[in-house]
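Next come two complexes built around subunit A: one with subunit B, the other with subunit C.
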Partner chain A sequence: MYVAVKGGEKAIRNAHKLMARDRRGDTSVPSLGLKQISEQLYLSVSRVMAEGSLFDAELAALGIKQSRGDLIEAAFLMRAYRTTLPRFGYSKPIDTAKMLIRRRISATYKDLPGGQLLGPTFDYTQRLLDFKLAADGEAPAPETQEFEKEEVVPRVTDLLNDEGLIEPDEPIAPDTPVGDITREPLTFPADRDLRLQNLARGDEGFLLALGYSTQRGFGRTHPFAGEIRLGEVEVDFFMEELGFEVPLGTMTVTECQMINQFQGSASAPPQFTRGYGLVPGQGERKVMAMALVDRSLRAEELGEEIDSPTQDQEFVLSHSDNVQATGFVEHLKLPHYVDFQSELELIRKVRKEWQEKREAAEQELVAEAAQ
Partner chain B sequence: MTASSLKEQSPEIAARQSAMGILAKASAQDLAETWKNLSLEPNYTVIRPAEIGLVMVRGRAGGTGAPFNMCEATVTRCVIALDDGTTGFGQALGRDKQKVLQAALVDALWQQSEHRDLIETKVLQPLASTQEQAENETRAEVAATKVDFFTMVRGE
Partner chain C sequence: MTERVETQGISGEHYNFAYLDEQTKRMIRRTILKGIAVPGYQVPFAAREMPMPYGWGTGGVQVTAAVIGKNDCLKMIDQGSDDTTNAVALRNFFVETTGVDTTTKTKDASIIQTRHRIPEETLTKDQVLVYQVPIPEPLRFLEPRETETRKMHALEEYGLMHVKLYEDIAKFGHIATAYAYPVMVQDRYVMDPSPTPKFDNPKMDQMEALQLFGAGREKRIYAIPPHTKVVSLDFEDHPFEVTKFEQPCAICGAEEVYLDEVILDDDGNRMFVCSDSDFCEERRDAGHVGHLGTNPLEAEGND
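Let's turn to the complex of A and B:
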């Protein structure tokens, strides 16, 4: 039986009004400006851009304001907004070697060309709440130092490649098609291009937990942070009408090269293998986790035994998207009155049968005892 | 023919790309200001009105390997034509229609030999120098956070 139920419009309208009032909070406190969010909460903005899979700091700031700081809800708003826009095409792959570097560190080589550039980081802070920040929030001007104009900062992974100790990136034919999970649903087994796209927009918390599990022994990655870099890269786009590539400006990205032990196999000598992480904005924890998970998901390709959740691509890739996950988990709170009604009837019936069986068994016992 | 071989063939295209790069990178405010200082009011027709859309930005596995789709980015683009038929293209990351319209006008004027010098000196050079200055400032600030290792020698 299908029962159509109407009603609740007024309650919903009023609930949204109440939510808007609560979102605004105490009106004697100034309302948040989007610039305040994008300038002062940039790491939240970055997370929303990565998980919303849309690089636009102002939109992410609006999402954060609208969602009252619920970053998954904000990512959801970004995903919904992108569906309203036409797709112009695909960029040329960005070149992270040509980055304007704001941070670059390596945990594997102390004295590497270009040096260890700490940049703006929480590392080495003592994690003590700073009450001075609560009082005024003004920051001192940063120090500056002379730099070599022509200095190149090579990728760490290129440094040892002369010896062949680190696996090189596999050469690819120029016109190899690139999978796109926003156009085609994900199927398994998924190639690395699809896996990396999925991980780049995957939930930071989920990937962090999976990456952590590999370090604790569920998948044995034995990783070193070969290199982490943060900065601005140019985005180029091929314009059909012009017949050449045009620059679209620069975007902020964070990149991580994880280097992992590898015992070798029948076809490959013992060497270091690699996992890769790349996200829009500033997301260091996310790229590190992404690189760990990327490496674990290469288990099959490298001939490793698959016995841990993080090596199972269907498990990882099907559950990494927090917009999908929240949709399915949170739909449980929507009315299921009719579903539940039928379950209720079923359980009453089953209980009745159970009770009858029990009573019959009891009577049998009584009869046996009487004999 | 690939874009890079075109670039090698034509210094004209390379110069135009570099101009487009400066315009795309400029803040809307800086571009609006230099445009105003130019005091040119060319007649133009809009061929493609400023439109906001998406470009899927690609990275490469491992930095140099197979391309993959990292995330989309908002992009605005627009095409105009001057009275002599010269078309100008404006495009940049973000959602600023005024900025790409001005960029398209600058791109068109730059292609006219009678305006090129003016555009170079009054628009592109000032914008490029602002950008270079900001870049140098960033590099100087980052250089101050470069680690100087020193080794403590113990024993003899």
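Let's turn to the complex of A and C:
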């Protein structure tokens, strides 16, 4: 367009004003506070922290408010902010065995050291709309009890490992550099650390669908939920200048260890294999799906046949990022009239030739019939 | 270029000159230098997340941010025009984060960032043309796997592309690619010129200005240094042809320029006007008038 786009600057300004008005909605209704969002919509906040790749509940709450509850847009806001932050270094690996546990369940054992702890979950609730909530009824506070804070709850995979039934974690040398897809472009084949980082930032819906597809037979992995745990872990940072580690604080994480069947190969005995999922905040669906996808992506390393989308690194890792996906899908609404014009010219030309050819053929037929 | 500028436009926060931190800019400049050293080769780089969506020019913006200095004069176009919404948004981004001068005049700009067009006016050795690239891989729609296409480039294995072009001819009688028409750079790499119309392809050949291509989402940068041979792929018996328009620009009378088709009324009447809005304006200022005289849409008070 030539003229219609003049004044674009003013149009943009006004569009943003209108959006701000719509975001606020009816001004007789109180505006949302960030605390209300981070306290009462914590699962949304968790998703935004995971996909936005930044552990900060208050910023995530701001993103959710600013984006009118569009969680992908909120994750995008987090990413764009995160990219401007200086990088001081990488923390020491967190130790989830030392987690201060709020929920911990295993589907593979009836009982186990550390016990089953149901914790805060939607599981086993009746999915009935609760009209008391609509009437703003406060739920009764749960009873509390003292507990041993220092308790270490061993991971199920460590228990299995004692027997050699599950593959051990790959030993990693202490000076191994940490892969980081936000600092180096992703190349294929990608190692597992990069794959896990990609999945942890990946879209929950995309991973859910992929994980589900493996359960339905597109690259079956025979999974068991060995363990899911939720709680707080300490994050430590090694200070070069001081020569020792300092705690930076605690963060909430959800972790899932899937245990998968494995027939064994020439080099490895039959044993269970692992699929792993971990996200900041509370994101049980995400970590379970992530663990399924992680295990499927190990097909090549385990010598399995690759014939399903979820086993295909390039397919999964190139399309898991919803900030990238939404940007590219939605860029189709940008003007494309220059390319479209060249297509118009081409299709007119090709159609004209087609018509001419057809008319010529028809005339030939008429001439033949006349003979 | 280490000074910081006030950028009240972005939530009152203070960002580095041209938004990116200096380390990131250095990383991008190294990538650009490698791209210049190997014309047409797609150099992977660790594209950053930018405050505009992927697919909306993040690659071009990062390249511009890495090469811009405070004495530069920036022109930002989309579809050939300075006034398209996304061009306005990206220009404002650089105004807010660098404070550099901007212009709509092609000849006054030292850096021109573009989406989908090359300006009509011949660019000079003192200018840099930065393209926004959505899919940098010319072989992508023939082979979706990066692992495969990188191998094909390394081995100069471009048979698949020629087969595709040949199949077009067999089916339609023409090469049915009207934009993002593949080129061969310096007899070595097949390159995607970004979705510019093929009309613009010949301008890339032996251009005096430096041409830089940024693909943010796909994390690739490539370059064509000044005076580099750029040839549109074709066959001896089906040589490359640029799009020809049957009429000149309706309001400035320019011929042999790329035109946009504007529908004027419900009866399907249309006019063709220059896609390069600055070029058209310059001509009208110089007294050229097309067959529709003045802009018929403006005449109706269409602001």
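Assume the second predicted complex is superposed on the first by the 355 of 371 C-alpha atoms of A that agree within 3 Å, B and C clash if a C-alpha of one lies under 4 Å from a C-alpha of the other, contacts with A are read in each partner's own complex, and residues count from 1 in each chain.
In the analysis below, contacts are C-beta pairs under 8 Å (C-beta built on N, C-alpha and C of every residue); 3 or more make two chains touch, one makes a residue touch a chain.
On a predicted model such as this, the values are computed, not experimentally measured, just so you know.
Peer 1: Once the structures are superposed on A, label A:H331 by its partner contacts, choosing first (subunit B), second (subunit C), both or neither.
Peer 2: In the superposition, A:H331 contacts subunit C only.
Peer 1: Go through the superposed model and pick first if A:G8 touches only subunit B, second if only subunit C, both, or neither.
Peer 2: Only subunit C is touched by A:G8; subunit B is not.
Peer 1: Return first, second, both or neither, reflecting whether A:K35 touches subunit B, subunit C, both chains, or no partner chain.
Peer 2: Neither partner.
Peer 1: On the A-aligned overlay, A:V178 touches which partner chain: subunit B = first, subunit C = second, or both, or neither?
Peer 2: In the superposition, A:V178 contacts subunit B only.
Peer 1: Is A:R68 touching the first partner subunit B, the second partner subunit C, both, or neither of them?
Peer 2: Touch partners of A:R68: none, neither subunit B nor subunit C.
Peer 1: Going by the contact rule set out at the top, does A:E353 touch subunit B (first), subunit C (second), both, or neither?
Peer 2: A:E353: touches subunit C, not subunit B.
Peer 1: Classify the contacts of A:L278 with the two partner chains as first (subunit B alone), second (subunit C alone), both, or neither.
Peer 2: A:L278: touches subunit B, not subunit C.
Peer 1: Identify the partner contact of A:R23: answer first if only subunit B is touched, second if only subunit C is, both if each is, neither if none is.
Peer 2: A:R23 sits against neither subunit B nor subunit C.
Peer 1: Looking at A:H222 after the superposition, I want to know if it touches subunit B, subunit C, both of them or none. Which is it: first, second, both, neither?
Peer 2: neither
Peer 1: Tell me which touches more residues of subunit A here: subunit C or subunit B.
Peer 2: Residues of subunit A touched, subunit B against subunit C: more for B.
Peer 1: Counting contacts the way the document defines them, which residues of subunit A are shared by the two interfaces, the one with subunit B and the one with subunit C?
Peer 2: On subunit A, the residues that contact subunit B in one structure and subunit C in the other are 82, 86, 182.
Peer 1: Which residues of subunit A touch subunit C once you look at their complex with the stated criterion?
Peer 2: Contacts found on subunit A: 1-9, 11-12, 76, 79-80, 82-84, 86, 182-189, 314, 318, 323-324, 326-331, 334-339, 341-346, 349-350, 353.
Peer 1: Where on subunit B does subunit A make contact in their complex?
Peer 2: It comes out as residues 3, 6-7, 13, 17, 20-21, 24-25, 51-75, 77, 79, 89, 91-95, 135, 137-147, 149.
Peer 1: Can you list the residues on subunit A that touch subunit B in the complex?
Peer 2: Contact set of subunit A toward subunit B: 49-50, 53-56, 58-59, 82, 85-94, 96-97, 100-103, 110-111, 115-119, 142-147, 155, 157, 168-170, 172, 176, 178-182, 192-194, 196-197, 200-201, 234-235, 237-239, 241-251, 253, 255, 257, 274, 276, 278-280.
Peer 1: If you look only at subunit C, which of its residues touch subunit A in the complex?
Peer 2: For subunit C paired with subunit A, touching residues are 15, 19, 21, 44-51, 53-56, 58, 78-81, 83-89, 92, 115-117, 134, 144-147, 172-174, 176, 178-180, 195-199, 217, 219, 243, 245, 258-262, 273-275, 277, 295, 297-298, 302-303.
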